[in-house]
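Think of it as A, B, C and D in the order they're written, each chain with its own count starting at 1.
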Amino acid sequence: MEKAPHFVTDLAHLPTSAHGPRSATWWGTLGFILIEGTGFALAAAAYFYLMGQPETWPPGQAPPDWLWGTAQLILMLASLLPNLWTDRVAHQEDLRKVRVGLVVMSAVGLLTLVVRAFEFGALNCRWDDNAYGSIVWVLLGLHATHLVTDIGDTLVLTALMFTRHVEPRRYTDVTDNCVYWNFVVLAWVPLWGLLYVVPRLV
Amino acid sequence: MSSPCRSAVSLAALAVLTVAACDREEREPRGAPVGDSGPAAITQGTLYAGQPSPPGPSHREYEGNAYHISQGKQLYVWFNCGTCHANGGGDIGPPLMDDQWIYGGTLENIHATILQGRPNGMPSFRGKIPEQQVWEIAAYVRSLSGQTPKAASPGRSDSLNAKPDEQRMPREEPKGSSPGGPNLEGRQ
Amino acid sequence: MSRALRIGSLGLALCLALPGCQGVQSALDPAGHQAGRIAGLWWLFLGVLAVVYLVVLAGLLIAASRPRRRGVLPNGPSFAREERIERRLTGGLTAWAVGTGAIILTLTGLSYAVDRDILGLTDKAELEIEVTAKQWWWQVKYNDPVPSRSFETANEIRLPVGVPVRIVLKSQDVIHSFWVPNLHGKTDLIPGRVNETTLVADREGRFRGQCAEFCGFQHANMALDVVAMPRDRFDAWRESQLSPAAAPADDLARQGQQVFLSAACVMCHTIHGTTAASRVGPDLTHVASRPSLAAGTLPYSKGNLAGWIADPQRIKPGNQMPITSLSPDQLQGVVAYLDSLK
Amino acid sequence: MTAGTDTAVVRRDGPGLGEAETNARLARSWATPPGLWGWLSTVDHKQVGRRYVVTAFTFFVLAGLLALAMRMQLAGPERTLLSPDRYNQIFTMHGTTMMFLFAVPMMEAFAIYLVPLMVGTRAIAFPRLNAFSYWVYLAGGIMLWVAFILNVGPDVGWFSYVPLAGPQYSPGKRVDFWAQMVTFTEVAALAVAVEIIVTVFKQRAPGMSLNRIPLFVWGQLVTSFMVVFAMPAVMVSSSMLIMDRLIGTHFFNPAEGGDALLWQHLFWFFGHPEVYIIFLPATGFVSSILPTFARRPIFGYTALVLALFATGFLGFGLWVHHMFATGLPHLGNSFYTAASMAIAIPSGIQIFCWIATLWDGRPRFATPLLFVIGFIVVFVLGGLSGIMLASVPLDSQVHDTYFVVAHFHYVLIGGAVFPLFGAFYYWFPKFTGRMLSERVGAWNFGLFFVGFNLAFFPMHILGLIGMPRRVYSYPAGVGWDELNLLATAGAVILAAGVATFVGNVWHSLKHGVSAGDNPWGAGTLEWATSSPPPSYNFTHIPVVTGQEPLWTLPQGLPAQGLPVVGGLRVDQRELLLTTVVDADPDLREPSPEPSIWPLLSALAVTALFIGSIFTPWAVVWGAIPLAVGLIGWFWPKSPPDTPEPVID
C-alpha cells in the first residue's frame, strides 16, 4: 500500500451541493414518495375492493357532503403557487424571499389541517359503522398524516432559515420540501375523487 | 459487541411492561381451578344479593383472562342469553352494560345468579352449564360494563355492528350495592 | 389420454415402491374422477420435470468435472472471456430459454385442460350436501327439495358410487378448507361466502378428509369420514337417517336419556324425537351409526364414547365440548343411551 | 500557490499528501467515538451491517430451535410433548421469525455492509437512517420474542389469516404483537431499501457505469425496488388488522361490508414478492462467488441482469396462486398459473449462466463453491415443485400440505440459506480479517446438505399422501409415521450442520488464518481495501474500468494499483456523488457524523408502536417524543462546517 497511488483526476473543483436529481437527498425523498404513493394506491385499491361487496355504495347512507373536501382541494391546488414560487427562490438562494415563502407555506399547511378537521367532522360515517366508514377514515387519516409530517418539516425548516444555520445545503432542503408538498397535494386529487366523486357516480 | 448486556437491559424493560400478560393470555381449556369456596360462599341465597363478595381466587383467572372472556362471549350467544338481555342493553331481562346490579355485580354475584336463577324470569342453569363455563359467562357479562381489564376484553365481533365492542365500553362502577339493598321492586 | 395413462401406470409402479401411497387420505390413490385426473396430471408433471432436473444435474456434474485445459492456480489470475466460447454458450442459453418456455407452455395447457375437465362435472350433480365448518367439526346437511326429507349429520359424508354430488361449503366462524384427497382437491370454506365443489366416487370405500386451512387450537383434529357406497345401500342409509332417534330400550338407556336431557348435554346438542334441540354442537340423532367421534379424532366405540364424554379436553384440548361433572352412573347411562342411537 | 498550501493545511486527498498522512486524517474524520457512547451512536455502515448480521443470525438460530421442537413433537403420531396452544405459537413464531426477523434483515445486512464497498464509496447513503433502521428492527424482534416468552406469542400463523386473527377469534394481545412486529420490521426494511437505491444510484465510483455494476449490487437494487412496492401492502394490511382488533373497524367483517379475502389479497401482494426479496440477493451471492472460484468472469452478465428485472417484475403478478382454493373464478386463476410458470424462464436463464460459468472455468472447490453447488441442486428441485404448485388442479391437492412445506424450504433454504452460508465463508475474511476453517467448512456443508434433504424431501411425499400443514399432531395408522421420523432425524443433522458453522466462526474469530486484502483473488472492489476495511473504506476513491475492476486493470498496474481520483476532503466526512447512468463525478457531499438521535428516535418509535397495542391514544402522545427525536436528528450541528480549504 505504500506505493504511490495512480491519481487520474482531481475532483476538488466539484460543487458541494446541488438541487434536484444531482443530490442524494432528492433521491431519498423520491424513494419515500414512491413508498407512500404505493401505500395510497393500495389503500385506494382496498376502497374499490370493498366497494364491490355491498349492494349500494356508500352502504345505506348518502355520499359524504363535498363542501369541506372540495374546499381542501381548492386550497391545496392554490397552495401550489406559493410552493412553486418558494422552490424557485430557493434555487436562486434568495434568503429573504425564501423566508417569506416558508412562512406562507407554514400558514397554508396549518390551514389545511384546520380544513381537514372540518372534513372529519362533516363525514357521513364513523370508522366503526361499517367497512365503508373504516376505509374512508383510513384514507382521510393516511393523507392527514402526510399533511402533519410535511407541515412539521416545513415549520422546522422555517425556523432554521431564521437562525445561523443558513448555508447552501439548506436551500436544497427547501427545494426537497417543496417536491414533497407537491406530492402531498397531487395525492389528494385522486383521493378527493375517490371519497367525494366516486360515491356519486355509482 | 456487548450484545448480551444490551439484550438483558431491553429484556428487563419489556418484561416489566408486559409482566401482567402471562395470566391475561393463558389459554387453559380445562378452565382455571376455582376453589369450592367460590360459588358456595355466594349460594347462601338472595339475602346477600347486592353485597359485593370479597374477590375470590377466580377473579384474576377469569376476569383478567382474554381467552375465558372471549369464550364467555361465545357462550352468551350460543346459550341465547341475548333473547332476554339483548346485546347487553336489556330487553325482557335487565340490561347488563349499565351500573345497576339488582343481585350484585361482582363475578361471584353474577356466577350465583346464573346458577341459581332469579325471580321474574331468570332460569337456573345449575347442572346445565358446567361450572367453568358459568365463570366464563360471568366474566363476559362483567366486560359488558367495562369491569374487566381493557387488554383482556373482547374486540368487535364478526357480526352486525350493534354496539361498541367491550374493550371500548366506558367503565360503569356498580352502584346497586348501597346499604339499603337493591330495589327489587323497581325492576318489576 | 392414453399417454397420460401410461405415464400414470408407470408412476403407480414407482409409487408402490414408496411407503403409503395407497391410503385413506392420499392424493395418489384416487377413488374419484377428479382425483384421478389430477393424479394423472401429477405423474405427467413429475415425469417431465424429473427429466428437466436430471438434465440440470447432468449439466452441473459435467461442468464441475470437465477436464481442465490448463492447470488450476488456486489464487492465480482469472482468464478472460473467449469470443468463440461466449458465442457457443449464448447459443446454448437461447436454446435453453426457448426450451423452458416450450415446456411451461405445454404444462400450462395441460393443466388448463384438466381444470376444464374437472369443472365440467359441476353441472351434472344429482345430490346436494351442505357442509358447514365449525371450530373444529363439520356439520353436514343433506338438502332435499322436500324440506321434510332433509336431514343433518356430522363429521361424515356418505355418497352413492358414481353419482356426482354438489357440496355447498360454508363456514360459521373462521376459514377452513374442505379436502378429501382420494376424491378431489380442496376448496376453502370462508365466512361470508358460499363456495361449491363436486365430489364423485368411482368405487366403494371409506376415505378420510381433513381441514386443510389452519383454523386454530384443534386444526389438527378436524377430520371427517367419507363413505362411498352402492346406490341402494345409500338410499337405505338415507331413509334410516330421516327417522327420529330410537327410544331407549332398557332402563339404563332410559336413565341415560333423562340425564342427557337435564344435564349440560342438552344445551348444545340435538336429538330428534326428544326435547334436545340446540344447534351448537353436532346433531346426535344417529351418532352411533357414525364411523368416528369428535371429528375423526377417535374411532367410534362405546369405550371411546365414554372416554370422550368423561374428559373431552384431554383428548382434544381446547375443543368446545366442556368437561361435565357427571357421576360414573350418569356417565354409564348417557353412554348406553347414545350407543343405542344407531 | 497561495501561502497556506504547505502540507500542514492541505486537507484534500491527492498526490500532495502522503499515504500514511491521508489514512491518519481519514481515520480521524471517520472515527466512531470510543466506548459505549460510540457504540450507541455509530453510523458506520460496516458496524451497523455487522450488527444486522449477528442479530439476524441469532434469530435464525432461535427459529431453528423452534423448528427442532416442532420436529420432536411430530417425530411420531399423537405425541404430547407440546400442547396445541404452545405448538401453534411455535410454528407461528418459527415462520414469522424466519421471514421477518431473519431472511429479509440478513439480506439487508449484506447489502448494508457490502454495497458501499462494492460500488467504491466511503459510506452508505443516509447513514443515520441506517442506524435508526437497525434499532427499530432490533426493538421489533425483541418485542416479539419477549411476548412469546411471556405466552403472548402470536398463534395464528405467519400469514395471520382473518377472521382467525381478527378480534373475535384471537382474543388478547397476541396478534397485536404480531401486527406491530410487522410494522417495526417493515419500517426498517423500507429505510434500508431507500439507502441502497440512493447508494447505488448516486455513490458509485467514477467509471462504474450501469454495465459495470456488480451483479450482487444489481440484485440488491432490484430487491430494494421490490421492497419499496411490496412492503407497503403488508403495512396497510397489518394496520387494518390492528384497527379491526383495537378500534372496531370492519375491514374484514363480512357482516358489515368487509371481506376476509381482502386480507389475503393484500398479504400475498406482499408475501409473494417477499420470496424474491429473499431470493434475489442470494442470486447476488452466487454471482459473486462463482466467478471468483471458477476463475473466469461470469457468463451472461446482461442476461442475468435482465433475469433479475424480469423476476422482480413478474414477482408482483403471482400472488393469487396462494389463493387457488378460495373459490376465485377459474379463468382468472389460469392467468396466474401462466404467470407463475413464466417465472421459471428467468430462473432457468440464471441457472444456465451459472452452470456455464462453472463449465468454462477452472473451479476450485472451496467451501463457498460447495454451497453454491448445493444451492443449484436443492433450489432447482424447489423451483420444479413450484411449477407443480402453479397448476390449479395440482395445487388444489397439495396446497396447505407438507408438499408445500417441502417446496418452500427447498426454495428458501435452497435458494437463500445455501448461498448465504457460501457468502459467510466467502466474505468472513473481509468482515473479520480471518479465514474460516475450510476443513470444518466441508463438514458444515456435508451435514447441512444431507440433513436438509433428509428433513425435507420426505415432506413432498407426506403432502401427497394427505398430511396437512400446521397440525400439532397426527393420528397413527394413516401412513405418515415413518416419513415423519425420517424428517425429524434429518432436522437433527441439519442442526448439527448449523452448530458446526457456529463452532467454526467461534474458533476462527480468534485463531483463523490471517486473510489479507484479497484471499480469494476476487475481482470486485470490496477486495481492494484491507480486511476488515477501515472506517472510511478506501484511502482513495477508485476509478472503475470493467466489471471486475481488480481483474481488468489497465496494463502494467498491479492488483492494488487501481487508478484513483483525488480532491475529496480528508478533514471531514465527504462523499463523491456521481451521475446515475455513467457514474461521472458530479458533486462532493458531506456525510453525517455519528449521532445518538437515531437511537433516541427508534426508542420513541418503539414506545409509540408498543403503546398503540394497548391504547390508540399512544399514536397521539407517542408522536411528541418522536417529533423531538427527529428534530434533534436533522438539526444541523453548530458551528457550521469549517470553510472549504482552497488548493490551486
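Convention: a residue touches a chain if its C-beta (ideal position, glycine included) is under 8 Å from a C-beta of that chain, and two chains touch if they have at least 3 such contacts.
Everything quoted here is computed from the prediction, not taken from an experiment.
Separation of chain A from chain C in touch steps, taking the shortest path, is 2. The most central chain, judged by the distance from its Cα centroid to the centroid of all protein Cα atoms shown, is D.
Averaging C-alpha coordinates per chain places the centre of chain C 37 Å away from that of chain D.
Chain centres here are Cα means. That of chain A falls 30 Å from that of chain D. If you average the Cα atoms of chain A and of chain B, the two centres end up 47 Å apart. Within chain D, residues 85, 163, 168-169, 244, 247-248, 250, 253-256, 259 each touch two or more of the remaining chains. Contacts with at least two other chains are made by residues 191, 217, 317-318 of chain C. Touching two or more other chains at once are residues 27, 156, 158, 161, 164 of chain B.
Chain pairs that touch one another: A-B, A-D, B-C, B-D, C-D. Residue ranges on chain C touching chain D, taken from their complex, read 18-21, 23-29, 35, 37-38, 41-42, 45-46, 49, 52-53, 56-57, 59-60, 62-64, 66, 68, 70, 72-81, 85-86, 89-90, 92-93, 96-97, 100-101, 104, 107-108, 111-112, 114-115, 118-119, 135, 173-175, 177, 179, 181, 184-188, 190-193, 195-196, 208, 210-221, 296-297, 317-318. On the chain B side of its complex with chain C, the touching residues are 27, 29-31, 78-79, 127-133, 158.
Those residues of chain B lying in contact with chain A across their complex are 156, 161, 164.
Residue ranges of chain D in contact with chain B, taken from their complex: 39, 50-51, 54-55, 85, 138-139, 142-143, 146-147, 150-152, 163, 166-169, 171-174, 244-248, 250, 252-256, 610, 614-615. Within the complex, the chain A residues that touch chain B are 128-130.
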